[in-house]
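The same chain A turns up in both complexes below, where it pairs with chain B and then with chain C.
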Partner chain A sequence: MAELKITNLCKTYEGTVDAVKDFNLEAKDGEFIVIVGPSGCGKSTTLRMIAGLEQPSAGSILLDGTSIDHLPPQKRDMAMIFQNYALYENMTAFENMAFPLKVRGVKKAEIASKVTAVAETLKISELLNRRPGALSGGEKQRVAMGRAIVRQPKLFLMDEPLSNLDAKMRLALREEIRQLQRRTGVTTIYVTHDQGEAMALADRVVVMDQGRIRQIGTPRELYSNPGDPFVASFFGNLPMNLWEDGDMICGVRPEDISLSKSFVQDWEKATLLTGYFNGMQWIGEVRCKEGRFTVCADWEMKQEQTIYMHCPEDKIHRWQQK
Partner chain B sequence: MKSKAGLMCVSFFAFIVLYPALFILIGSLMGEEELASNLAGILDKSVDDYVSWSLIPKECSIESYRQIMLFEPGFFVLFWNTVKICIGVIIGQLLIAVPAAWGFAMYDFPLKKVLFMLYIIFMMLPFQVLMLPEYLVLSRLGLLDTLWSVILPGAFSTFPVFIIYNFFKGIPEEEVEAARLDGAGEFRIFFSIGIPAGRSGIAAAMILQFLEYWNIVEQPMIFIDSEEKLPLSLYLPNMNLENAGIAFAAAFLSLIPSVLIFRLGQESLESGITATTIKR
Partner chain C sequence: MRNNRSGYLFILLSLAGVSVFLMLPYLDILLKSFSTGNEGVSIGLDNFKQILQNEAFRIATKNTVRFIAVCIPLLLILSLAISIYIYENPKLGSMVKTSFLIPMAIPVTSVVLMWRFLFDDNGILNGILCSLGFNTVSWMNGSAAFWILVGSYIWKNLGYNIILWLAALATIDPQVQSAAKLDGASGFQRLFRITLPSVKNGTFIVVVLAILNSFKVFREAYLVAGDYPHDSIYLTQHLFNNWFRELELNKLAAGAVLDSVILIILILVLQKCWKKGGTKL
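After this line comes the complex of A and B, so read on.
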């Protein structure tokens, strides 16, 4: 159970630009924070600085009000889950999960009962005698999750834990991670480049780009009130349509555009370029006077079809151009 | 048909490779007279004949072995010297080379690259180059003419560091980081993760070094004067041809430990050598 407070965290590598610049974040006890951004935005570096694996160039990190800046990773009482699982190759699944307890000098009987209980909840009881080499990706990540929760750490750190898994396994494990976190109530910092993952998991999302925080907010806030075009175009299953209007940048989400196959007074005429069915609805690419837009509707879209589109004024986002 | 021809071809080359060992074994089992007559061409200047040899002794005798076991205490002293050298070097390397390799593989420290470069250079320098400085150092330390003069430089050998380093390098960084976050101290990580992961590399290096020091010739020849402190490898060439039977038996006996060690560690040796040549 822990509150995390990060102030002005910076990381500068010698001779290069700032990897992380002025990172500020307060995570409440039990909160699920997802840091999201394109690759190279500094999200992993931030996570590694929280873990103590990387030395910050400036700034401070407080855990429950006390500074942990000088503490080595061993003393921070955090558990981390990695993209490539990072299981101990020479140990069985059981020994992997027992390791953090063994290091702390927990008695054998207690270790055994704790590991078995955790394995039960993760449905990996049958795998306990196997070594990582004999496990699938999903099974490996389950063992890694078990290793993280077998002791109740103050903080879970997850670095793209689902990125090496196939789509189906990703969805299944995503759900399990969420349940696990709700059940244990451990404050979690989760790093991903996948906005869908961020939306599905986070209490609050931190959007990063080029080492800086662009916006912090709940998934709902980021989706409906993006602070800048970058955040706007980063969220949503379909990309937001952006265009320039004088010194403003305007944006509208495809799902906010109304479409009609027949003429409607005052609606804008556009030509469909392509269309495809994604399983829920039809997605189309149109040419209109603002440029190329992505649109969606529940009727079939054909090439070279003429359509009429309309967007209510209050659905258009506007940002001052920099 | 084709495989039969291939098999014959392989057998032929295998025989060529094996022949010296076979030669020694046969010689050690021959009686004194048979050996004398076979070797007459070189033993007796008055006889102008080639050395002849047979694949099967006319009459097998273990007389030569009996001779060594019962009447050649010198053999045991020198055999024991060789064992001491090998064990000393191996223990020293386990204590020095393994942690050194771990340090190079895991940690960043000032001058690391320079130091590692030096290690590689030392690995490539032949003994002839190092002989004089080593001699001077050993002389100052007062270690000349002791087994330590062979053991100590061997214990600090750079070659095993290089082999084991490559194994430690193969450990994913995240595995070590996970262990740190799990609360394991650096020593714990070394013993719980490093040693098991580098096991076959360590074994391979130690086997190679054992074979190397079992057959070591130059170092003891230069650093050790007293006959009773010499290793077996220097005893064999000093044998008189008159004692040819004993020489053969001694040679064969000295082969046994290295063959056994090789056989025991063949698998790790193979994986060790492939791992250092093929980047994983």
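After this line comes the complex of A and C, so read on.
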């Protein structure tokens, strides 16, 4: 239940380059913000600064209009979910979830009723007496989520919460995180390196690279109007095809290229280098006059096959080369 | 099965060493403790009765027990407090850690020499007292000797114990501490609910090592004060040394067996305590 405003946040480690540089973001009440970028781009550092676990070198953070720069983490009223779950090994699942209430001096009966209620929504009621050592990865992360929502924090912070899970569990929990956030309405900052996760979860996505924000926008905006080649190639299930044309960089998404097995007037002729089926469609690599392209179609692609390809002009993205 | 066999191969060498130099001599001592002379005539528990009535044995045992009872808790609490302080303030860095380890690297003889300079009747401390107009103190020939021995033990073992505690503390996932901070736990709450429960399992080995190391202060006491130091620091090792020199081998054997039994019981009790704590955890 809070608005977050971050201005000119910077983090410089002694003797190294800027880990985070001029980070500006305003998150509206109840908004789901995903910060995405390759590893080492400064996204986790940013999250840790919001949490108060790391001291910013410059800049300020406002929560509901009040500065929280001087507050230690325990006074910020935020809840965080970690990649490695960070559960208290010496406590049961119940005690883990009760911990944030216990340290606040909440009465025992109230703790019990709150924890049981949260456990029910997360479908972990049967696990409450177990210690983290006896839980699977997915169950551990559910307990960690329970620990986060058992009190209504002002902000959820999530640091790659799904990265340690297998693919199936990742999809299931991703959906649960989304529903949980919608239901509780808690403003959320979520960090990941996975563009698919960012697309699926975010109201707005912040793309970071080398400590700087490249672009902020809804998943749709980032997909159809990427601000630069980095953002363009970062989003989409298949990598965007990029080539240079004079002082411009051009790009086209594989799904925007039309393909034909037979001759079509004015279409470009190309030869397939490889082709494979990914479960939904056929993906191929071709060599054409602009370079190596990734293409896709719903018919079988074979090596050495000759195809004809075409891309409508309005689907080509162009950026001035720097 | 093959794995098992190669496992035995690996321990064979140290097992042989332990057998020849520790287990077999211990069996020999066990036999001697129930017999008289070197011939091995069995006299039952007579040796034990004799040493239990021996004044020197009583004083030595009392001193040793008192020494351990004072030193171990003091050392454990002091080293744990310092290591938690270092753990919570990582910026202190390795300088501090290293400085605590220096006493370990100083050879016993140098330490003893320093003792003599400091605590001799005409030593530095008395010199200072004298120049300030106080009476001199006979440091090594009074009850102060015990506390000097305690201080020396703490001084020498503090660094080692700090390193052991730091190793235990290093096993705590830093993210767990971060999680606790965000969950709203204060410094004290984190210390008592997260940090201390996490190092609990390391405590057993630290305590056992501290007890075993406490027997080594005999070297200092012996080198400073010789065979018959002041009554307050006359330890079981002094007694055994003197018995050995006087060829009282059967008394020596009985004393050693008694001591080893006490130690084994102590360790078993400690182990049981921790196991119980472990399941309760």
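FYI, the second predicted complex is superposed on the first by the 322 of 322 C-alpha atoms of A that agree within 3 Å, B and C clash if a C-alpha of one lies under 4 Å from a C-alpha of the other, contacts with A are read in each partner's own complex, and residues count from 1 in each chain.
Here is the rule we use: a contact is a pair of C-beta atoms (placed from the backbone, for glycine too) under 8 Å apart; a residue touches a chain by one contact, two chains touch by 3 or more.
Keep in mind that this is a model prediction, so the values were computed, not measured.
When both complexes are superposed on chain A, chain B and chain C clash. In the superposition on chain A, no contact is made by A:238 with either chain B or chain C.
Looking at the shared chain after the overlay, A:273 reaches neither chain B nor chain C.
Of the two partner chains placed by the overlay, neither chain B nor chain C lies in contact with A:10.
Of the two partner chains, neither chain B nor chain C is touched by A:316.
In the superposed model, A:62 lies in contact with neither chain B nor chain C. Put simply, chain A uses residues 51-53, 72-80, 82, 84, 86-90, 99-100, 103-104, 144, 147, 157 to touch chain B in one complex and chain C in the other. Of all residues in chain A, only 48, 51-53, 72-80, 82, 84, 86-90, 99-100, 103-104, 144, 147, 157 touch chain C in the complex they form.
Contact residues of chain A toward chain B in the complex are 51-53, 72-80, 82, 84, 86-90, 99-100, 103-104, 144, 147, 157.
Those residues of chain B that touch chain A in the complex are listed here as 172, 174-175, 177-185, 188, 192-193, 196-197. Looking at the complex, you find that chain C touches chain A at residues 173, 175-176, 178-186, 189, 193-194, 197-198, 200, 281.
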